Amino acid sequence: MTDARSLVETLNARYVAAIDDDRLEEWPTFFTDPCRYEIIPAENVEQNLPLGVFFADSRAMLNDRVQSLRRANIYESQRYRHVVSSILIVGEEQNLVRAEANFLVVRIMLDGDMRLFMSGRYRDVVDTSGATPLFREKRVVFDNRRIDTLLALPV
Amino acid sequence: MTDARSLVETLNARYVAAIDDDRLEEWPTFFTDPCRYEIIPAENVEQNLPLGVFFADSRAMLNDRVQSLRRANIYESQRYRHVVSSILIVGEEQNLVRAEANFLVVRIMLDGDMRLFMSGRYRDVVDTSGATPLFREKRVVFDNRRIDTLLALPV
Amino acid sequence: MTDARSLVETLNARYVAAIDDDRLEEWPTFFTDPCRYEIIPAENVEQNLPLGVFFADSRAMLNDRVQSLRRANIYESQRYRHVVSSILIVGEEQNLVRAEANFLVVRIMLDGDMRLFMSGRYRDVVDTSGATPLFREKRVVFDNRRIDTLLALPV
């Protein structure tokens, strides 16, 4: 249990550091290919509604998203700061670890305004077969229903 | 030290996941019977005032609280998201581990409003004698003095 | 990796507990002497501007700061609550561990007002040669540009 949690903790720490440091081009490299990445409201998960606000199932799709963000220059005007806690290993089979964790994202705008932007739970499936663990699935289940139109950065 | 912290970390992760996921009926099962659970403002702790805003010393009392919450349907209108960090083992004796940790609670309302609701420190005594560690004591020492009247959910 | 992270996690947990509990006099004892402690905005780090909002390179300077804070009685009117997460070991050499971690600070005012005060990243160099690990460097790189004039407490 401890080793799996330590591994997931480090993977998530590297993952959020890349996003918070504006190293967006590294973001797709944290995933297997194919993969599953989605951002979905908690109420949809509860009601078994499959639709989220973002979905990707390959590195190519994740790379596309990064290119769009770079073109739109959105990252110039805002930054994120992630806090991840309470990592829980919910399953282990062969080279796959299922883990969950709570997260908060603080958004910092260019004018210095800082606010709590999103809270929720990561539901991850981590592939540990390679030299570096990778996300085979990362479902970002968020609590707050009102989606900010600026929601564009990876979470 | 590491093993005890890992154990307390996992226990708190399971505990907050149960609350945040609305599995309130599981809440009392995280405690020994008898137990001590209380929510108390930091200033009362500093001034040695024993009164908090909630106190229970048995699973029956915790179960009563859950039943009240279910009847009042409060959980329909709000959710919590806990963040727990900086777990510190402050004592170990036989089958008891004393631990402290910082926490934040974000509250998400039905209309999507999300805000920082409470910050504070868990002061836990964990009984490790059984198959699953349990809270013998959980003192929720919170920082913010203004108590929201909706304070009703477990923290 | 796990051992170094556990060590840094415990050091930071003790460090923030001392600050949050108003045991400011202990704050300098978490550092080597000489040391490097600074609070610096993220944009200055990115632009290689060396100037931060606070700098100290010895325990004497840190002690001076504590004395000033005590004289000004600032700590009577506010408290902090730190959350530290996603600790990442970025280097290890002999008795030095380089580590980074995300943090949030919530500030609680005397009147009960509580708000998100600062977010950012610790960039630490930890000296592990002695009986107790100490910060040889602690750089507090914060995200929010607008500095509150009450910024005075250790972070």
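Chains: A, B and C, in written order; residue numbering restarts at 1 for each.
As a working rule, a residue touches a chain if its C-beta (ideal position, glycine included) is under 8 Å from a C-beta of that chain, and two chains touch if they have at least 3 such contacts.
Computed from a predicted model, the values in this text were never measured in an experiment.
**Q** What kind of graph do the touching chains make: line, ring, star, complete, other?
**A** Shape of the chain contacts: complete, all pairs touching.
**Q** What's the call on chain A versus chain C, same or different interface residues, using the half cut on shared numbers?
**A** Because under half of the interface numbers appear in both copies, chain C and chain A meet with different residues.
**Q** Per the centroid of Cα atoms for each chain, what is the distance between chain A and chain C, given in Å?
**A** Those two chain centres are 27 Å apart.
**Q** So which stretches of chain A touch two or more other chains?
**A** If we look for residues of chain A contacting two or more partner chains, we find 2, 83, 85, 104, 116.
**Q** Please output the residues of chain A touching chain B within their complex, sorted ascending.
**A** Within the complex, chain A contacts chain B at residues 1-2, 5, 42, 83, 85-88, 100, 102, 104, 116, 119-121, 143-146.
**Q** Sort out for me which residues of chain B touch chain A in the complex.
**A** Result: residues 2-3, 6, 9-10, 12-14, 16-17, 20, 79, 81-85, 104, 106, 108, 111-116 of chain B touch chain A.
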